[in-house]
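One chain, chain A, appears in both complexes that follow, with chain B as partner in the first and chain C in the second.
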Partner chain A sequence: MQIWPLRFRDLDDRRTVLADDSGAYFLADLDFVDRYSGDRLTASDEKFLREQGHAFERDGDLAHTGFLTRWSQRQHVSLGSAYVILIPTLRCDLKCSYCQVSRAPTAAKGFDWDDETLQNVLGFLNGLPVEQIQIEFQGGEPFLRLDLLEAVAAFARRRFRKVRFVVCTNLQTLNEDIRAFIRSDDVLISTSLDGPHQVHTRNRTADPLLTENFLQNLGEVIDLVGPERVSALPTIDMEQPPDPEALISSYEAFGLSSLYLRPINYQGFARKSHPAARTSSAWNDYYRSFVDVLIARNARTGRVIEEFYLAHCLRRILAPGADSHTDLRNPNIPTGANAVINFDGQIYPSDEARMLARIRQVDLAIGNVKDGLDHDKLALLAPAHINTLDPDCIHCPYQPFCGTDPIDDLSRHGRIDVPRQESWFCQRHLAVFDLAIDLIYSTNPAVEFTLSRWLGLETLPEALRPAAP
Partner chain B sequence: MIQLRLKTECDRSLTPFVTRIADEEPQHEDDATLLSREAGILSYRTGHTDFRLRDISPVDISGDVLLIDPRRQIAHRLIRAASPHNTFLITEQCDQLCLMCSQPPKQRHEDMFGHFLAAARLAPPNALIGLSGGEPLLHKEGVFNFIDKAVAERDDLSFHILTNGQHFDDGDLPWLRRHRARLLWGVPIYSKDPAKHDEIVGKVGAFAQLSPNLALLGFAGAALELRTVVLAQNVSGLPALADFITRHLPFAATWAIMQMERIGYGRMNWDGCFFDSSTDFADLGLAIDLMRARRQGVTLYNFPLCTVPPAYRDLSAQSISDWKQKYLASCESCSLRAHCAGFFEWYREEDGFMEIQSQ
Partner chain C sequence: MSSSPILNVPVNSEFHSFIPAAILRMRYIYPELEFGATEQGVAVNGTSEFDATRLEREVIYQVYREKIFQQTLPMRKGLYEMLAR
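== the complex of A and B ==
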């Protein structure tokens, strides 16, 4: 019998999580790890590993072929669908406390696509080798240029077999034209709701009346298109994080059943003046306490609210193919089909790469809509977007579920080869995956209730919790 | 029930022949055009001969491909143009004796490949044709040759082959790869426990043979549909079988969990085998939940919708072939009837599901 290599990590002082390259995981105690590393596995250890697909007898036998399939499914990210972020304008009518570089004042000139750029953007979209696309409009405030959104939408509906638009808007303004645009079934609304009234005012509007405006508009949009086509996410200021119960209540008040907690991501100089934003332990502690509150609350109310990112990470642990979220997948090679097009027609691999260029730290543009993609730059960026062979990640049981974020590494450390465990991305994800594994193995009925509902299951099968003898 | 055989009249001295009922102008010398209809008798003429059909209307058989047996004066409807359920019975021989078999094996084999090839040539565009048995691959060379020839002339055809998976070897790999886009293999597996599987299929060593052959299909990139009939004998093992499938058979496109058909050995062994999933869906639910968590396809065949908890109903397929499907009196008022698999013609309420309720 041959055993596929196992990586391991202590979950706490009595449990170790082990996983192979295909992402098949199990828990064991320290004695098992000693036996495994000392080549002293017992017959029942071997039976367990064989049944769980961690071992095989011969090349080409069923266990071998099954493992190869699972491994290759983990390496495969479907490229049938494009996900493009468009920034038709950088102008915005809000001045949020945490938005330093991605906006310009409403009266500013030169921060919108001109006619030529619009035509080039359409030409770029036309050339993408896909029949399905999701187009996300960001800003600035995209509804300041509804005319550009309409032009892109009209083109994309003709060009692609399947298309979906997401407008990331502050919802400060609604008018008849905007209402008409969002009534279309293929348009989704994404907005920011930072929590209770005073938190939202402090973070975003600096004016209670503007907050009132926003809350009224959010309610109206949900009435207009239904809660399933509206998503909101809170940006968390770790210097003054909102009370979890109050934050969840502010979402439930609108009938929203999913939220996605995101920490403020300070860039450049701002990062130096916000030390709390740099330490991942503060974030990880808050995140975990938030999830505890959420799970207890779901059990209490019987209404299920989802924290999107944790639910997504759970789905990634359990199976390959949960690749819909472009910030966490592997490999995640930058291409034109997964890019950000700025107000000036420059193309970036991600929104954060755009920010780095904006603060003049490093120019990570991978081309522009006029001249096309810069393939030398793409080739340069590609290797860092695979974690499969990373010298640190290969020792981590979470590697098959995880991703990479070299742009974030570059932004925080000025280089992409910092030891993984020292990077924000790695620390954050180790904590999320530790939490996820802990929850999968929990027999607390409240946890089982939330997890089964998040995963769309009636029960949480015992087979999801393998444990070595 | 839809008739699969029609009474026919023709020259008894002819050898059996294949013909297609032309809906308009004949396009092939084997196409039959309607000459006259009178008093329940339809008269047809092909490029070679004349024949008559009784007790059927021309619209019901338009485009059908018939095999006419002059000696018995019977027309077999090999392909019904309006139906998605067309199956060629390759042989009635089998090397397994499954407890619930709906088509018990027979010793004698009649080679029909010539007729099947003639029929495949005349099949409607893009037809999916089932190949079944018995065990078709007891005549592997014949099946492989038939498929080679059929697709050489008709590359729009695809085949759904039901096999017990006992008869592959490594030498089949190039052939399996060459045809993988047009073949769907339906292979039964009843338990992850070899002894339990062998007991159900009535053949010692069956699982030991099945295992490497499934690996071969996976390695070939073949499209694989695993099939499991729920029985009193294996229902408690379904969650473990689901775990086995997701770990060792992740290349299977789908897992079809099937209810029993009360005919053949299935009728003989009904009392000892039928598992009433309408009163206890727990193990099925656990198995399905595991498949869903691991994002592998699962389908329920032959389950009336009212016997399936609402959370799993989207997995139910209308799987019962039109010619042997029926509904019960209580289905008359059911709002789900249009999407329901219904029941086999030979289903009996007195020893069937306890919980059948109009929805």
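== the complex of A and C ==
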């Protein structure tokens, strides 16, 4: 019998989590690792490993082929569709303290696409080798240039077989033209709701009347298109984090059933006024306490609210192919089909890379819409966007579910080769995956209630909780 | 090592050939500590702020990981060769 390499990490003082390269995981007591590493596995250990697909007898037998299938599904991300972020304007009518990209004032000149840039953007989109696309409009406040959104939408609906638009808006302004635009079934709204009124005011609007205006508009948009086409996310200031119950209530009040907790992004200008964004332990502690509150609340009320990122990580653990979220996938190699086009026509591999250029730390532009992609730069960036053979990740049981974030590493450390365990990305994801595994194996009915609903299951099957004897 | 070790981690002799690689790796992960091979296993020197039990387990795990990594490298190479065909 041959055993596929197993990676391991202690989950706590009693349990070790192990996983093979295909992402098949199990829990064992601490002695298992000693037996496995010392070639002293018992007959029942071996039986367990065979039954769980971690071992095979001969190349080409069913167990071997099954592993190859699972493993190969973890080695690629389906490229059938594109996900492009467009920044038609950097101007914004708010001045949030942690704005990542230093928005420009509404009256500023030179921060919008001009006609030539718009035509070049459309030409760039036209050249993408896909038939499906999601176009996300960011800013600035994209609705300040509704005309540009309409031009892109009209073109994309003709060019692509399947298209979806997401407008990331502060919803401070809502007029008849905007209402008409968002009525289309292929338009989704994404906005920021940092919590109760006073928290949102402190973080974003600095004016209770503006917050009132936003909340009114959010309610109207949800009435107009339904909560399923509106998503909101809170940005958490770890210097003054909101009370979890109050935060969840502020979402439930609008009928929103999912929220995505996001820390203040370290890239860009936010780092100046929010030094706490540099440390991961406070974030990880808050995140865990938030999830505990959410799970208890779901069980208490019977209404299920989802924390998007944890649910997404759970889906990534349980099956390959959960690659829709561009911040967490592997490989995550920059291409034109997964890019950000800035207000000046520069193309970046991610929104975070755009921020680093904006603060003049490093120019990671991978081309521009006039001249096309810079393939030398794409090739240079590619290796850092794969975790599979990273000398740290190769020993980590969570590697098949995880990703990399070299842009964040570059932002914080000025380099991309810091030991993974020292990187914010790794510390955050070790904590999230530890939490996810802990929850999967929990026998607490409240945990099972939330997880099964998040995963669309009636109950959590025992098969999701393999444990070595 | 400049002073007496804060921790001596005994390692079974069957793993001794993997200790140099494990030490190289631990020096990179824990730059504030010093690691050295001894006849019995691994000696650790430096700050005593670390939890000794956890640190001992971490040293053992790094040795285990090097063994698993080296011994299963042909399997991993085989996977990628298969993918490249």
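Following the convention adopted for this analysis, the second predicted complex is superposed on the first by the 458 of 469 C-alpha atoms of A that agree within 3 Å, B and C clash if a C-alpha of one lies under 4 Å from a C-alpha of the other, contacts with A are read in each partner's own complex, and residues count from 1 in each chain.
Just so we're on the same page, contacts are C-beta pairs under 8 Å (C-beta built on N, C-alpha and C of every residue); 3 or more make two chains touch, one makes a residue touch a chain.
Here the structure is a predicted model, which is why all the values come from computation and not from measurement.
When the two complexes are overlaid on chain A, chain B and chain C sit side by side with no clash. With chain A as vertex, the superposed Cα centres of chain B and chain C define an angle of 100 degrees, given in steps of 10.
By the touch criterion defined above, A:21 lies against chain C but remains apart from chain B after alignment on the C-alpha atoms of chain A.
Once the two complexes are overlaid on the shared chain, A:335 sits clear of chain B and of chain C alike. When the shared chain is aligned, chain C comes close enough to touch A:75, but chain B does not. After overlaying the two complexes on the shared chain, residue contacts for A:106 are found with neither chain B nor chain C. Contacts of A:173 after superposition: neither chain B nor chain C is touched.
Comparing chain B with chain C, more residues of chain A are touched by B. Contact with chain C, but none with chain B, is seen for A:421 once the two complexes are overlaid on the shared chain. When the shared chain is aligned, chain C comes close enough to touch A:8, but chain B does not.
With both structures placed on the common chain, the touch criterion links A:37 to chain C but leaves chain B unconnected. Aligning both complexes on chain A leaves chain B and chain C separated at their closest CA atoms by 11 Å. Residue overlap on chain A between its contacts with chain B in one complex and with chain C in the other: absent. Touching chain B in their complex are the following residues of chain A: 24, 51-53, 60-66, 69-70, 73, 318-322, 452, 455-464. Taken in their complex, chain A has these residues touching chain C: 2, 4-8, 10, 21, 30, 33, 36-38, 68, 71-72, 75, 391-392, 394-395, 419, 421. Taken together, the chain B residues at the contact with chain A in this complex read 211-212, 214-216, 218-219, 239-240, 242-243, 247-251, 285-286, 289-290, 292-296, 309, 311-312.
Those residues of chain C that touch chain A in the complex are listed here as 12, 14-15, 25, 28-29, 57, 61, 64-65, 67-69, 72, 75-76, 79, 82-83.
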